[in-house]
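Look for subunit A in each of the two complexes below; its partner is subunit B in the first and subunit C in the second.
On to the complex of A and B.
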């Protein structure tokens, strides 16, 4: 199995959100790390999970597939998933795959958390 | 130094609607003007299906994927046809296909030297992303097909128990044909199916209006009415 080249960390964003910082290369190889980060974020009681892609260098189609799986996990926990920090290139990929219909795209974490 | 990410050339350019080329327009009636539909736009349960074939050391992952991209449709089992471009699989390609009695198609979403991914259009039997890849293992090269799918609508969902074994045979057959082309006969093939989400997305039941199976039957039975009339010879 390929090694994950992504770097993930979780920050709380009171009162009811958590931010998963996603940096490096996002591929299917980082699925376990991302799901573990989601578990950690969920354990804080977060109802909004913000994926911050500011530090992302690369994403292949496996990365998009992984986000579909993460979305399902979030929906099971009645969480809303949002994304910030996407460049124009990655925004267009979210729009092309229509992932933006399920994962809201925002400019800032504050906007992502504030939007209902 | 360019600001463009290194994956930029691997992704299809953003489009809102799919369009087929004139060469395949006659067979592209279930794709032309459609939007793509990923798993989140589907109706049925979410499945992750994996088919794996071990090729051993005869071919590198890069050489295998290059050949797979160049001759994709020729490795399909008999009875199905892929109407891809002459130059092989490239990001942004829109290709009609005939899978048994259903005419539909795909968009090539992503392609690099060790993988390529299709996403399905509205009305396809699956709302899916399908990734074909090759990787190096201790035993040599492994070919892999990952399908993340929901059936598109209640009719295809009701037929899942028939569709699934048919799909199993189809992709196993494809991997066998690909292996044979690389001198590997009777490759070890493993197939797994995992239910990722057992809920159906009922708000998407209306996807049935674009059901490619129904539309293929309708297209076939009304074909005679669409034939252009021959003009009378001029006296």
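On to the complex of A and C.
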């Protein structure tokens, strides 16, 4: 039974951004980990949070719901949330759900941070 | 007091609301049309005040009574008054008239016909004068000229009220028809089922808001499929009512027998006691074995199906009495094989019997020509409708039109079927997804495979978490079927399915906190697959996901 959890890590991206690396399976099961990672990123004072999905294997609707929760928290802190490293399939899912209207999709972290 | 009775041009006498002419001052009050209701109310109030004042001045008014007489349309009085010259003494009226007798009973002495444009529109009846004197010649002259003015005014009021009633009736009928249309749609398949390697297309257009044509596709317990088309004589509401009960009878007969002739025999017997005398139903039933194309066909007086086969057009033939005509009617099952690439057209006479401007019928010849050139069922339906529209331009659609096509794919039937089961353990959907992906490998382009994987995973997750409520003793059963045209994945659990459709997820509502952050699963499944069907099979609830491996032309309707 494959029940691999997501692996999350936070890197700062000076001057005002942070990158959360999201690898493995993104499901509702990793909600606490993702929220903790978001706290950690916010504590650096980041105004731009970049979610890097390069290492992601799988995301389900629970994972999408979790991203919505993350977006609401980000809005409260006046943060901009962006995503990089999505495959064509998950880009399509972001478009179908219109998540791409709230989370900017970029090819690189540099582009995600530079865009205003 | 007096009372007039209105006679409408259709000979019906209406008495409500009454037209009352007060006697002593000779003032007529006529109920105003509805839109003048407020004015009328004011007028009535004024009249009431006036009457009250009059009553104070002249207490004898309290002796006034209302003469209330209903004149039947066949009463000889009506014919008599039609040619009468003005005020008439009661004793000069036809003694055989029941209305005259009633007028006498109520003390009427003088009757004045209200005639305008040669038409009797009402009657003014007067009792004895309060002064107890007889009516003088002057009184009569006054009454005569009064009625001369009152009659056209009364007629105008009648016409206006009649028109208002007609508008109200029309609105009510339109509203009822709209509801009837919605109800009727429930009797036609909302969407056509996915049949392994077969493609079904349908077109339905009633001549009026509702129609008497019908079609149905019923999956039988033994895996075969029953396709039914039919046509109730007549159109509009009466036909729609019979259509509704016929489709219900056909469905219940299909549960008892899978023989087309037996289905028709049973429905005929059940229909006879309930169908109106002058109505009947033509109907045909096909039962198809999808893998082999082996087909049983029985016919109750319906148009014979066409088959487009290798550039030729052939017709299936079977005879039988229409349903609802004769008790004891027998039908025969005709056996045939629908070959790979065949396209079968089932149709109602709404297409073959449509006339053009010159009065010529569309006919079987033109219908056959449309069948000959078709390459797919959808294309056949489109071409038939285009051809018919061009033919009958400027002419109203005369009858309901139904077209159903069955296209057997080049390699129909399921190539292979793989099934497996997983226990209902959280996260098990990931396993289901990977196994399905391995089974269908190579059948779908990479992008479509990813779509199917996500849809399978979401469906399996629902089955584990909701259908089986995470009970590890209950399995989620998965059946994967591959055909040349499609892949279907059945995911079965022991739940009851989603009772009601969850809210359509909306990112703006979710971000505004007006919807829960979750709830994307069903939405994704629908968006990522070509079709989702829900099937109940005993205590199991099955969600069937369908992905076409080839693109269908045209739309399924």
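Operating definition for what follows: the second predicted complex is superposed on the first by the 112 of 116 C-alpha atoms of A that agree within 3 Å, B and C clash if a C-alpha of one lies under 4 Å from a C-alpha of the other, contacts with A are read in each partner's own complex, and residues count from 1 in each chain.
The rule we apply is simple: a contact is a pair of C-beta atoms (placed from the backbone, for glycine too) under 8 Å apart; a residue touches a chain by one contact, two chains touch by 3 or more.
These numbers were taken from a predicted model, which means no experiment stands behind them.
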Subunit B versus subunit C as contact partner of A:29, first or second or both or neither: second
First (subunit B), second (subunit C), both or neither touched by A:97: both
Which of subunit B and subunit C A:105 touches, first, second, both or neither: neither
Touching both subunit B and subunit C, residues of subunit A: 2, 28, 58, 60-62, 64-65, 68-69, 71-72, 75, 87, 89, 92-93, 96-99, 101-102
Complex contacts: residues of subunit A adjacent to subunit C: 1-3, 25, 27-29, 58, 60-62, 64-66, 68-69, 71-72, 75, 87-89, 92-93, 96-99, 101-102
Of subunit C, residues touching subunit A in the complex: 425-431, 434, 447, 450-451, 454, 457-458, 461, 505-508, 510-511, 513, 516-521, 523-524, 527-528
List of subunit B residues in touch with subunit A within their complex: 4-8, 10-15, 35-41, 46, 48, 109-110, 112, 115, 117, 119, 129, 131, 135, 146, 148, 196-197
Touching residues on subunit A, where the partner in the complex is subunit B: 2, 28, 57-62, 64-65, 68-69, 71-72, 75-76, 87, 89-90, 92-93, 95-99, 101-102
